[in-house]
């Protein structure tokens, strides 16, 4: 099998001696070594007994990912996850930023939310200005890996 | 439209000025004349705000029924709704019975359950004997409309 | 003796899950057991560990003592909770646990033995000073002897299987001339059901209520009662609705204390510890008689939990671990009113025939004052091998009237699709003026069902058109799916031409 | 004045449904209102009647007074329940209801007006005899004047928008040299948010707890308090976890009575009736200061309901109908401990960014001691137009420790798929020794999040392989579906060849 399953970013080999049954669509009961697990598989997350895990599958026939892979190509685009209003811009084009650093603050659903850089890099572009309304998916900023 | 909808046995014309939205598969919110209804449609029943209703649809392309139509062809076959054991036979071939009269008692799920004739008629056949185990769907008795 | 670390729950369905929940809250580990039919059951999904017992028949699984003990050993469980039903009142099972060094979460095997037989329980209770219904002290198998005794007691009388339960081997006898034939049928039913045809005879208390007292004891001699439950709404001697407090108590000041005292005395006479229930028949005038004792957690224990604020399963585990009861009788107080409805997979429109099968859709009630102890989920196939109980819906409110209104609200929110359930039965009962007035007796429901055999009220006139609208929409959506299978279209077209 | 017959609920989400439930239990009719985004919302499904208001923005719907009054008239509603948020503390709305002859289920417009402004409320409370935090009595717009006052009070101080709420226009100032710039930013934020830039200044009580008192009054001059709620666990001044009783009360005998008395005095000074909440800052040493009053039902009212056994919405409706309070202060007693978690559609791993969208799967907790007040269902799309609260999970148990354990158990049963939620945040907090010890203050959570920004604990090593197993099974099942679309296969094959 050329399929590889990554859970929380690491390759994982599933046990071969477990009992698995799908109870509801996407909900599995797994018994392994006497222990009972309840697993919820959704589009963007797997939950095992309350532990949320991200996943990726690489497959000759399929490519599914849940974890944001921003940065793997040397570039991260920060987009608005929903319609809102830009209330503050925390950096500027040309500035060096680190992963986790706030880039833009968007107000949506009555709350102010800081969007962060997923990578270490340089701000290539700030695509919005303060007080601008933005649609879901609108590009707010682009960061490039330095060097 | 040649489709006819029967609810609880009677033909019914749905309102044309209602707002309908499917909230979950088979679950509808309907607003009509200011009143809010929650409707669950399942294979064998419709529930409107807790009122269970049976239904039939006659359609050039489909035929669905939920109410038992035993008797319409002048004959009723009583079958075991689940595996169990015949514990008592309450009548015999040739006897005249009325709708609702008990025919056979089957024990299943730790309970004794009396199966009744759905029609007035004559017992044509008792197909089982006391203490016999029966599978789901097994024919227990046949009743025919008299005359 | 110490608090267990890992508890195997020798049961299934809602009670297994209910125990698992408290085990988790106590920071302990739970081990579910399951039969072939229950691999995907909710209690297996929710437990920390799970052990397969065997094939679906109870004898191969939930009633199989060696398999259950083997599972406990394999999983290093140091205690077993038996739930209710199955092995919960089996003295041999309790003894086997004791012998294996596994804590049985319940009374001693000796207490179970003493109170398990109805005639023995009567003797013990009588010795303890509890009032008992006039009747035989020994099981009888001879119809002639029965006739003599019944004539002495006076009619009407009840015949009951000594080893009985669940209404099996029970008969009401109103006239001397009916005694022999009814005795014989009761005895043969008892023999078939319990391998023991012996029957005891009791005076029948007309219009009696079933009122039971929850008792609790520790291993240090402390015994208290936790108030009563009224369980008079029964169908064929099976409880259907239970509540606490009993409406009878408001009419007879001091009755709760007197019944509680009698219950504690009966339990003390049996050397009882852990949770137990002493059942009484009570008359509207406030007389009461010992009926029997259930030496386990009761199905209806949640109503007591809601009015006392106690977690009885937690208390069971703590007491089994050697803890002293953390309260005295005077610390117990009841607040408000709680009602429980037992939701079954059965068809009220068809003689309450069991209706196992797949639950295709499920909407569960919640919100203020609603507790749902369920053992099912959407997609679960209710197996035909066991009792068809799906869940228990329990509500609490400040008053009985408010609790009834809350239960009606919760029932209206409860939808179970794909199988038949008795939800409509509760809608009927809770609407009855006599139920609302608290005028109950054990024959109440059977009488009600006789007068209203077709109790599904006709829907208001504006409802069927609404149903038709939803139905048409549903069928419209199903049509495109059919379109994906061209041969089906062809077949339909042909069928149409043939008309 | 009489009990209303039909009540319009001028709100949405869980609180609309919670009110509908009590309305139904009282045998009254409910009218839901909805915006375009909420046509399929749970509160619309569950109400007896429903009225469309308009487009999704609140100004076109839930905040639009003429539309709401028109809906009430159209449906012949004789009362309106405002819920919390939206128009619930809008004196003009209450007055408009009064003018229209529709019972506003809440205090008088006059009381709302008196207590709605923080500075006015401070004056009223002070006149009533409640202790207040040293600070200004009037709103200030001039930074220089603010500086003089702050120097007089002594640092640290808090700046708060007079018209404020939800943490907007609030700033902590530790040093004199920061005052001017922080004042300007608070004032401009307040102006932006509330069209009123005036700010008041208070002494900052270090490590203060947020403890609030539920009060209740009728139209006949009776006013009682129903104990307190501790709401110190806040993120950015927004409550996250609430509980009753406050852990502070066990440390200071008599404190509850003193705070309750102060709350009742403040309410009496405002001529208050119906449900209200008096918020205090309290120090660990048992000092407390009036903070503000909320003239409505509070989000966290269920914890008070669980410990007092009262249905506050029922009481609101009864009192609005002219009924006298059915109890005196001495009849109120608290039992056990209740905790509430506010479940939000937000992503704790991404700065708590709101996460609206479609709920693709949902498993809700139930069983002993668990109450879920939810406004969502599987398949519901959480709109981005409103507050992202999904539900409130509330538990009750005999002790605070048991309530915490029960909440952890309930959280473990709660699964919401398709969107991000803050469920993991509660797992973090409830595990914290300091939370479990009851050592809380309003900065507690912000501090905790600073020390544990990546608080999702790594799963045990045996968990990822289990996840992989389920994932492979899921993908295996999805494959046949893909097979139905040949072009997808071809595309995949091509992609493979290109590698």
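For the reader, a short list of remarks on this structure follows.
Order of writing sets the labels: A, B, C and D. Residues in every chain begin at 1.
The rule is short, and it goes like this: contacts are C-beta pairs under 8 Å (C-beta built on N, C-alpha and C of every residue); 3 or more make two chains touch, one makes a residue touch a chain.
Bear in mind that the values here come from a model prediction, so they are computed numbers and not experimental data.
For chain pairs A-D and B-D, the one joined by more C-beta pairs in contact is A-D. Set against the Cα centre of subunit C, the chain with the most distant centre is A. Separation between the centroids of subunit A and subunit D, computed from CA atoms only, is 29 Å. Distance from the subunit A centre to the subunit C centre is 48 Å, each centre being the mean of its Cα atoms. Distance between chain centres (mean CA atoms), subunit A to subunit B: 51 Å.
Within subunit D, residues 46, 412 each touch two or more of the remaining chains.
Among the residues of subunit A, those touching two or more other chains are numbered 24-25, 35. Those residues of subunit C lying in contact with subunit B across their complex are 166, 346, 350-356, 360-361, 363, 384-388, 411-412, 415, 417-418, 424, 427, 456, 458-460, 462-475, 477, 479, 482, 489, 492, 496, 499.
Subunit C makes touch with subunit D in their complex at residues 17-18, 21-22, 24-27, 46, 302, 305, 309-311, 314, 335-336, 364, 366-374, 397-398, 402, 405-406, 408-409, 412-413. Across the complex, subunit B is touched by residues 32, 39-40, 44-51, 74-75, 377-380 of subunit D.
Across the interface of their complex, subunit C is touched by residues 3, 5, 7-8, 10, 12-15, 18, 20, 22, 24-28, 30, 32, 35, 37, 39-53, 55, 57, 59-62, 64, 81-83, 108-111, 113-116, 136 of subunit B. Listing the residues of subunit A that touch subunit C in their complex gives 19, 21, 23-25, 29, 31, 34-36, 38.
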